[in-house]
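Both complexes below contain subunit A, partnered by subunit B and then by subunit C.
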Partner chain A sequence: MTASPTATDTAALSIRDLEMAYMVRGTPRAVLRGVSFDVRAGEAYGLVGESGCGKSTTAYTALRYLPSNGLIQGGTISVGGREVTAMSSKELREFRANHASMVYQDPVQAVNPVLKIGRQVAESFEVIGHSKGEAKELAHKALQRVHIADPEGVLERYPHQLSGGMLQRVVIAMALASDPLLLVLDEPTTGLDATVEAEVLDLVRELRDEIGAAILLIAHNLGVIRTMCDRVGIMYAGRIVEEGTVEDVFDNPSHPYTVGLLNSIPRHGARKTDRELFSIPGNLPQIGDPLPTCVYVARCPLATDKCSAEVPPIVARSDGHWTRCHHPDRIDEVPLPDEVSTAHNVGTEEVIGVHGVSKTFHQRSGDVPALVGVDLGFAEGETLGLVGESGSGKSTLAKTMLGVHEPDEGGAITLRGRPMATKSIDRETESIRAIQMVFQNPDSALNRSWTVRRILTRAVSKLTGKSGDDAEAQAVQIAHAMQLSDRHLDMRPRQLSGGLKQRVAIARAFAGDPDVVVADEPTSALDVSVQAAILNLLAELQRDVRTSYLFITHDIGVVRYLADRIAVMYVGRVMEVGPTDVMFEGPIHPYTEALLSAVPSVDGEAENRIPLKGEIPSPKNPPPGCVFHTRCHRVIEGTCDKIEPPMVEVSLGHSIKCHIPPDELLEMQKVPWVDHSVPEL
Partner chain B sequence: MTTTPENIETVAAESDDRAVAVATRKQVRKEQRRLLFRSPSFIIGTIIIGFWVLSGLWPELLDRFDPKASVPGVSPRTPPGDGTWWGTDRLGRDVYSRVVHGARPILIAAPAATVIAAFFGTLLGLFTGYFRGWVDEIISRILEAILSIPAILLAIVIVFTFGATTPVIIGTIGFLFIPAIARTVRAATLAEAQLDYVTAAQMRGERSLFIIGREIFPNIVGVVIVEVTVRLGYAIFTLATLAFLGLSGGNATDPNWGLDVAQNYQQVVAEVWWPTVFPALAIGTLVIGVNLMADSIDEALKS
Partner chain C sequence: MKRFIIRRLLLSVVTLGIILILITLIPNIAPGDPARKIAGGTASPERLAAVTESLGLDKSVIEQLTDLVTDVFTLDLGESFTRPGTSVWSLVSTSLFNSTKLVVFALLLVLPVAIIGGLVAAYRRDTWLDRVIVNLGVALSSLPEFVVGALFLVLLAVPIDFFRVVADPPAGASFLTELQYLLLPVFTVLTVYFGYIARITRASTITAIESDYTRTAFMRGLSTSEVFRKHVLRNSLVPTVAVVGTQLGYLFGGMVGLELIYNYPGLGRMIFDAVDSADYPLLRGGVLTVAIIYMLATLAADLIIAWMNPRARLSLSEGS
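Moving on, here comes the complex of A and B:
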């Protein structure tokens, strides 16, 4: 294997031909199959790939931070000129304390819940030799550095009193304590809301220039990599298959895998009515599978006999941009996803309506109005995208519609005009059949002691009233429609991959031929390629059986692709609802504007982020006047904080809950937003 | 986990483009069994329990003399030796044969009591954990109240009140062990009820009884099994203690480990230790054997 084009002597992190395996049931199984790359000081390098491709393993191996069954089988790792693979355990400890830091995916698990923040941050300074007094002082400075409001107060708090975004800032502050040579960020924003994610990414970007460390960023979100990194390595099955600057790789991909990944996400405002998303056929090879030639050959649309006979060479595409492929010149031949030929019809009759529904949770500490006067309707074959930060009431609305929560007196949920019983147990079979749900996490949504056959048969018999062989026959038929094969029917959920599990969950929701399916972030736990397959399936089902969807998501790209209309929720209220294409032209509610601006783009579009200050208010104490006025960048003092704005119809079917007249809003939104406020310290 | 190479081949061979090569259920079971059969604690536990179960089923196979009559030609308090392996007690009865015959009563009573406790405890735990609310509050407080009183004290009071017969003793111990099992099962049910498959079942209008019995219960069976094995050890211990205190549910001359310890321990100071130590060891080994098995089963299920 040849060295990558970057010179080793200037690199802060230099990995060469790294081979690593996990011992599983007595046999070493290869995970990394010769990984080589360099990260210079002050540079951010991104690693991208599907889950299981070895990107996190690479990061952990770089710090020799491996479980007891992890074996480094070959290659070198050098950080700042020191060989990590040759270190004794004492040297390694000293190295990790002083020269390398890591930020993990879930900040809640990265901090000790019983120690005050101050104690934990100070400890990271004590480890590198500061006295207790100095450490306290430095901890305070460290929190200021990551722009935490009220650092004194935060130092005295416990982790559970901070939000996820704040905690991730604290974790970053601790990681920077030692002024590391190497900073590893492992999916640092995956568990966070898009708005919080944007803030954390802003912080990292700002600190990047300041600290001069080599940054290794692991992410499966291509947009995050594009906006954060200088260079990127595309990983597949334990090998880097393409490397280059983010512009080169994302704008001019040269490996079929990179092309596949990029085609599987909805880009450039693509819609379900235009074409399908590309879904890479097949699955990632298992760890330990022998892959003697090209690692991607089994799933590659360009594969020839040569590909399965010879190891592909490294082909330079431009300066510092290379691909590991036999046929980089045929890259244009990678087929585009199918165009959608059948028309997509949205009916006019309202199938399910939500009319003035409120939901108040009565807790010991007081009433919590989680939903306030929500009005929404679904036409046949329509997709309504529901967006908003966590805590805005999206899932509560879904569960109220399905009769898990009982709405307050006064509101009604109607099926073709007739009100349904509020609790699912009181609903008639017809009402239950009409509305079903697909959950975010298929692991939790499927009973792990049931087989797929039993899960589906039970749903069919419960929802359609069929029994015995009839029910089972229909269950099998539905499974086939979801592209599940017969052998999957007798498996239990733990034997299936994430995408297959979600197919089973979708099949269950479709068991009774529902009118409306509520999908609560059904693809957020899945890889982009699997997400593409699931979104294609949902769109196809909609074309065929004209089901309506309530699609809850925080991924604006997905909503734009799939939704006919979008509703935006904030603190239990609908702030805006309108047709998708209209919403992307404006005018839009200032909250929607902020949400849209927070999404990191894969296409390298100019960023004009509108920061959302602070946290989403608790529904327990909603702000007076307009609930959004505390965080609104277009707030009108004296009006917004006193009077609740009415829902104003801007155009047919497009309503905004805002005091600013729509035409003024449109003018305002034509000019890029400039933040004139003093930055928060 | 230890597995042979052939096994890995089958796992790999079964993977195709779509199914993930996570070991199949059969495979997992097989690997768990293999792990279990190789664990030293399981092997030792099985040997110990095996011996006592054999004694309980066919004591005639193992005994050497009539446990209730003095051994002819041997004086009382003979130390362990060739004729009487474990010596004779103060009435000249063979200690070994008494210990062998003493297994049956305890091996009937302890599992019976545990089954009663497991049945009601699981039922209570499932219902309180699923429905929660004020019924759960009240039941949980009552269970905690029972748990806060030393079990043996309560057992003495109850057995004294209703008479020291075997059914009463079994019922008492069964009753006293309900809270501990109920609490464990309740905690497992609470966690299970948070999962979305339960919500999904509610959304398709399943009755609560179905959700509890058919959806949740299969997922907490492992917890119940482990809890039952642990309780079995405690039940043996409690039974022996009650017998020691004279609440044995049989005649005073019947072979019974706890009773034998009680009747002979005063002689230990006179260096006649064998009629006390051997039945005491029998109690100890049975409890240890059950615990060894419980631990290794727990470990195998978790692996």
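Moving on, here comes the complex of A and C:
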């Protein structure tokens, strides 16, 4: 009932008091500071925490895969009763081949680019003693087991010829080759589309019962953990601070850190107009920092003198649910995020308009219509969320608006009613100033050898024509508005954390007081708490300076929180556009329905997933009729595959491109996956 | 792959065409009259006209080009000026044979030693062994080959009888004797190229070792040597192959200093002598040979790279 093992002999993986450090210039820097947990055979255990908390390190250490300066300083790791820390290198190889497997974060990088898939899958069987011929046959079966439709074809292909989702299936097939006792999944769906993520998770769920392995799942997405795991451990600064079943931990969190994490994600349909997201103040302690008695004391809203004087005990909350906190009974006192008092007003004037814009790429192998007749507009102070799978044309639309791509003849992009030049180099400074962009990866968007001050000053002078001290003064002012301190101004991007870098990138975009900011997945590489801070910042800026956003994301929770309107794209076409609150009440386009149902929810809502079969069609060969009919679960034979549906206005400002009449659609969609509950955080 | 090979071969044909055009154009557009230079300032107009005609410079550029193409395909590159009666082809082929001996022997030594050096440096990264390999390599490759060659002469060939001061063995020497004579020039090439090739191999091997697929291979339970043989090498040797491909042309035609020091009758020295004695047909034959070697070497390198790395085939086989 506490951290002590229920029964060590039944645990397939048992980690006890694990201490691990990196040697930096001869000094050990502690990474794991006494990690203990058990995973039983057939059980799925999740590890959650911010980047740098040690969750991946724990996973790799379990298979004793350490960086060259990594050192296990104490503790035990037992898999199936065998002590991993005591194995010779030969035993370790044999152990990895036969008893433990791993599925990695980025499947594209995890397979060897120069070897055929067949060779690599077969190798997983050869290493456990099968002959080449047997291995080949087994590889074929392994691919069938992970539901790859054309195993012969895939075995003969090279990794770059497969999609990320397909490669992750291959990696899973390889991991299962030996029927392992322990299967470690390290962020297995991070970076995959929500729909692909859902498929991969379905596959793991299905195979779980079949293989009976202990599963250790590392994820920063709490929804993934909730839907996949039986139990979860919340990690902080190299220690587990709370553990229990996913229901207990996520529904009755008992550690202030867990509460902070849960409050930092948009839940229960919360909107930016209701309240801010919770952003945990301060930063994770650095690796190797001496820790106070309670690891979380510096950031904890409940901290008292006792917390910095005594190591918190393990407090049982219910059977198998415990927390490492002095004050679990005061957990309800953790303050809720601030309510938003200022009203959020969306203007009526169209700032930027996209009118009948198409974009065709001319390739030697034929024309590729990447955008087809897109009509969208933004009012002042409005956020338009743009969603759709990879390859749906979201980024192409953003680039066309920015003038990176020149749209085809006939379409127009207008700034306050006046058409803008189609190419950015032909645009007036005014038009360039009016639309700015924030990218997904601030690392590659900021000049690495410039200081923040120089980056921002240059942006100000380029966009506003100010120079010298004037420009610098404004740059400093903008930096302050982004909650960057003077200390940060003279740092270079590499000295900043991911969240701070993204703040600089946002500051750069805001340097010329833009009308519209295009944000392409600006928070998908960030931890939830940092994401919360960035989303709060964006919402606040919008309330103050009434900037419009085109917010591209695959995170439905985020788009629901931030967007006033949502546009759904598929194969270069807008399939649906409408006000956020109206869309979440339905009816919605079947594609939107499938997208929404694919999102794993941290609240453990009803599972009514609508699977999307196959992959998104290439815009080169769009299906006839409705482009979505090949994957639609509500397809009407004879109509959808022949006639392209018109855009039908369902209610004011809400249009759907579908043949099914809206009231019928609404009737069909009366499934309780939509969470209608009022925000209750 | 087939598509790639066909397209790459077509590209080589284009390269050959460009080589032939350039060789035709050079005497026509180079400053001064090559015929006057060859005939000498005091030559009679008749003599000058005869030389011009023998160079083919009285014809139109197009005719010169078609003549050159015919000459190349019939292996008839005319006669040497300085050794009348001897065909350019026989002189070129003898030098080419000598150069080939030197280069093949050198590569057989340099490639394994330098590649293993690079692999060891990468595997033992940031240890003393790595630093020795990298720094020694940089130091040695910063010396030009004629300096290293001369040093070896003084330090090895003069005091030790086993090492020879010339690289050209006496006629009728056995294979082993030939190798003995070639030893010092080959050591020179090793000295000059070791650092270069080892460092390139080291850098790409470190990238491969740090790649996720290498981690996957270790996690699969393969041993270090299996991981290297099956996963690392094919990725990490691609840049090495590319570099060796581009350096082959130089090894054949550019090591003039080395060949002079060791009095070795290779292509480099032949071209040098042809320039020195204004033997235009011989010079043309030599330059043409080196250019074709360069073309074939890069072709071979590209084909090997395409075989090693499927993504390298994309650039030519998918028309985008």
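Keep this in mind: the second predicted complex is superposed on the first by the 665 of 681 C-alpha atoms of A that agree within 3 Å, B and C clash if a C-alpha of one lies under 4 Å from a C-alpha of the other, contacts with A are read in each partner's own complex, and residues count from 1 in each chain.
Simple rule for what comes next: contacts are C-beta pairs under 8 Å (C-beta built on N, C-alpha and C of every residue); 3 or more make two chains touch, one makes a residue touch a chain.
Nothing here was measured: the structure is a model prediction, and the numbers come from that model.
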*In the superposed model on subunit A, is it clash or fit for subunit B and subunit C?*
clash
*Is the number of subunit A residues in contact higher for subunit B or for subunit C?*
B
*Is A:E123 touching the first partner subunit B, the second partner subunit C, both, or neither of them?*
second
*Examine A:H362 and indicate which partner it touches, taking first as subunit B and second as subunit C; both and neither are also allowed.*
neither
_Tell me the contact category for A:P113 with respect to subunit B and subunit C: first, second, both or neither._
second
*With the two complexes superposed on chain A, say which partner A:L402 touches: subunit B (first), subunit C (second), both, or neither.*
first
*Thinking of the overlay built on chain A, is A:R448 touched by subunit B (first), by subunit C (second), by both, or by neither?*
first
_On the A-aligned overlay, A:K670 touches which partner chain: subunit B = first, subunit C = second, or both, or neither?_
neither
*Touching A:N98, do we find subunit B (first), subunit C (second), both, or neither?*
second
_subunit B versus subunit C as contact partner of A:I425, first or second or both or neither_ = first
*Regarding the shared-chain residue A:S497, is it in contact with subunit B (first), subunit C (second), both, or neither?*
first
*In the superposed arrangement, what residues of subunit A touch both subunit B and subunit C?*
none
*For subunit A, which residues are in contact with subunit B within the complex?*
24-27, 281-283, 286, 288-289, 399, 402-404, 424-425, 427, 429, 432, 436-437, 439-441, 444-450, 459, 462-463, 485, 487-488, 491-492, 494-497, 500, 508, 512
_Residues of subunit B defined as touching subunit A within the complex_ = 1-5, 7-8, 12, 15, 17-22, 24-25, 31, 195-197, 199-200, 202-207, 215, 218-219
_Contact footprint of subunit A on subunit C as seen in their complex_ = 211-213, 215-223, 230-231, 234-235, 308-311, 314, 319-320
*Could you pull out which subunit A residues touch subunit C in their complex?*
63, 65, 93-98, 101-102, 104, 106, 109-115, 123-124, 127-128, 158, 160, 171, 174, 363-365
